[in-house]
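Each of the next two complexes has chain A plus one more chain, namely chain B in the first and chain C in the second.
Up next is the complex of A and B:
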């Protein structure tokens, strides 16, 4: 197939594939070495411990092997990537203060409009830096902290030092090490005891430049009895060369707190999306991951819950959509390290037009985690013979007094379902859309209305002309 | 038999050879249905009754080898399943499939929109709820996912509900009576009779059993054996079959 034509087709169904000219404060040289790492740290005028952590992580990154499982990573060329792009001098408090190109980009995506209607706070990350931020006054007054990670490190160095890298150590995996060495941007959130934030906080990540590497780092600390819902979205221009997005997200859910973290991943299909996300959940705390992956060339992401005290509960809802040239290797992990902990992983995936989905999951119950319960359900829908889906569930149950359920189904789009709907006069394409949106409905209905609408729209775009 | 030349022909099947994939099951099948006529098609297991139903509504695995099927002036074989529905053909399935996440109501409204006309929510809601009530279906079924977790009888009732709402020109009922208890059978039969009065469709009632024919009186009875009609007559033929079994036809 003709690459240019492919690119053109891609642009027509992917609505956020535009780019604007680069006019940046700083752009690091191509490729990665110690000097680049030191440069990033120097520009950010970080404390020494962070600089050392970066340099040590860089060595770890160099030593660690690429994962031998998951998707095809052989085409990633670490020397062709720009690791740090600083688009503006400071974080703006008003959209008007941003350069025109950036402002217009966010307008097209619709972030300022959403902010006015239903968000408690917003962070906009463009390339490597958070370039816009807002938070409702009332929340600020209650002591809620919602900052870019860099700002968080400046203003709350002790808090950051106490938790940074404790849930996901730099040596956890090659990409966590990479992120730890070159991280920039991301959100730092602290919700004080018993503060419940009713409206969601949102972060929107935008890559604009070609061959860009985006490495945001997010740390959320929900103190005892608090609640926060955090939603992240992302997109990038369509280029013929690849970009890399490799984030690390660490969440601490203290006793009785609840955190819901929702991702609507809509990268263009030239982005490698290799992300480590993990939450540590204390007594009676609740962590909920709602993870939609519809974009990117390859995503490898398995949001995890570490249930470390009795009564902790974790939920992972994973929804993946893989079209032509895409591989979504997604799922979730639940680690039960204390008695009476509960977890649920529900994964649904749709593959079409030669796309591939893989469910990869881990359920681990440590000895002594008596009375723990877990339920894992994974359903895959395959829309055509060119597409593929695999399931890789791992279970390590080292305690006998537990209750574990596991169900997995793989369905071809029901020829019979399609026929049944068509026999009632519904055209084939519409019948296919109905079946697919019905299949994902149990997850979509978990989202706030605005995001459910957004998600349905994204799915419709991917379905356009794919059946029939 | 009382063929009535004044009534217009809805469906005319001539010398049909057809089957599922390469397996030939119907071997020289003939049948003519005029408007308002109810035809019962009976026959032993494996005689080709369900194959005929699948051929008529265009199942992707059903293959027509030769012969013709003319439905209201159109060559039915050339029409896609949705075109057949739009032209007025309705099949009440023997095993209606389940579709997660799609409510019976939304499904039916979508179907109504393509087969009939776009209709507003409130008007359609009332129409469907009225029909559900006549079928003694809990209106909660309308918001449940299509056929998911429905009992056998509930699935069949949902098929009849769809038929009533879509008011087709011709209805093929593939063993609609099987899996119904006696109360449900009576309710479903009453609805079929009401359909005959209100929109006068041609009906092809495929069944194993005689009991539904006590409630839905057929104008014609055909007996299918080994892929072709082995006997036909009026309603009295059903009684004869009940007494003597299919062996009598074969013999």
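Up next is the complex of A and C:
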């Protein structure tokens, strides 16, 4: 079959694993100390409060223990990492203004093409800095703000100061502290009251250098009654040494607003992806996380919703693929802190070729959150005897007037499904792919069409030769 | 097969295997099942249980365990139950189903782990934890984990925490049943799915008797 041959041609599988030569404005020395933190702050000419926050966070990072659960973090050597790489002097408004190597990188990934067709705005981050930005004029006129986080801090210092670190305090965990001390880049988004952005905003994060640490910081504020859909993608070259990506994403969903945050995580398999993502949702607001993790060596990420006012609703759709040498430790958290709040977590995972997926989740209902409802469903497929899947859910229910459900299933591909497809003349490998596609369908169909196509392609590549 | 001291008060031979009635004394129990051994363990509440750990190793090929529970908490009681089932042998199976009713300010902490190891090909495991909360200030925590290292298997768990369905109550009351009786009927019905798993009628009657006559009486007003 043609399609099969096409897939075979792509056998190198991770096609974004190329790199271009380094030609940077600034590269910090290897490793992390107070000097590096001060240097980053000085290069960015930041206000004093941010410099202090960074230094304080650095102390917190040093004091905090590594998490004693989740994946194997013992191979991370914090002294071998470059914490700050500034690739260009300024953020470009046009792709033509970017250095050739960077421009070609984004062309290969396909960001400029996508921008023309179906995006309302784009940010491109390369190493530590946002190097490209655009936003539809009509949105700018409505007061929508879509900036790199550094630019956001310069132009809206009061707004940033009011919200920065309020959803995820630096002391939340070791990696949130690390990010708070060396953060650079990421997106700053403000959507004014009742403004609904129909096309998605996108950010694309690229690591190019070896031993790179990328620490973007994103803050999204959706004012009352507004709507925004934000999509992030990422990739990196394949190196024999490891890179670290440790982002912090804070989202504020005000009364009646709705935010959808979609991640297509496609890091090369030498990247540690340790990310803290959390949304605070006010009255009748809606937060939706759509989280795909197919790349990286180890991902530890549990997008969270804190439902703090009545009627707030949170949804987490998590999809994970773990192949050879990969561990996807992912899931979600829903915290109900107000009456009549609702949440839903749906997790689907596939492990193959010795990969490991772990669902880790928390559902917490505080006293007084009467009438709250939550449903968690986790399904896992294990495709071969070398692979593994875990489910670690915690339900903490401190209020009696609630309804909480949790279900999880781990299984292999159904023999009868395979048999049926094969009896219709479909080769086993393809039948396996079909069944897996069907398994992940409920999450994939939540994506904009272009991404669903991209994701299906990524899944096909992951699945290649895995069944039969 | 090594049983530790406090697990068993009573052993009854059943046609399929044996049934242990465990009144949840404090402590840790470990059981190892050999080839084709089958065992049913029924957990019942006792006055003083606080912290109970039970581990079952399904070592022999074809070994089976069924762990059932009809549990109650009231007053300011806090109960902690941890159940682990480790599938080591081929074609082993486990069925765990706990039903807990919480009154007053009681608190229940349940952690369950099903682990299916690499060689336990063809095994199946199911865990269910159902909590019915009647006390306004009662609290429940449930952590049902799965660790699956083999692929020719099927494992699943389900957990729910909820209160009495107002519609059920309304229905019963509309038929002239007093509220207290209605609550009692619903609570009794809540335990039925685990009682029905036992094939011996005399055993079911005995457990029902214990539950209703002793334990439940404390919490549910006479109707």
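What we mean here is this: the second predicted complex is superposed on the first by the 457 of 468 C-alpha atoms of A that agree within 3 Å, B and C clash if a C-alpha of one lies under 4 Å from a C-alpha of the other, contacts with A are read in each partner's own complex, and residues count from 1 in each chain.
Convention: a contact is a pair of C-beta atoms (placed from the backbone, for glycine too) under 8 Å apart; a residue touches a chain by one contact, two chains touch by 3 or more.
None of the values given here were measured: they were computed from a predicted structure.
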| item | value |
| --- | --- |
| First (chain B), second (chain C), both or neither touched by A:441 | first |
| More chain A residues in contact [chain B versus chain C] | C |
| Touched partner set for A:394, first chain B, second chain C, both or neither | second |
| Which superposed partner A:408 touches (first chain B, second chain C, both, neither) | second |
| Partner chain(s) touched by A:75 [first = chain B, second = chain C, both, neither] | neither |
| Which superposed partner A:424 touches (first chain B, second chain C, both, neither) | first |
| First (chain B), second (chain C), both or neither touched by A:45 | neither |
| Chain A residues contacted in one complex by chain B, in the other by chain C | none |
| Residue ranges of chain A touching chain B (in the complex, touch as defined) | 414-417, 419-428, 430, 434-435, 437-442 |
| Of all residues in chain A, those that touch chain C in their complex | 367, 380, 382-385, 387-398, 400-412 |
| Residues of chain C that touch chain A when the two form their complex | 102, 118, 121, 131, 133-163 |
| In the complex, chain B residues that touch chain A | 57-60, 80-82, 84-86, 91, 93, 96-97, 99-102, 107-108, 110-111, 114-115, 145-146, 162, 166 |
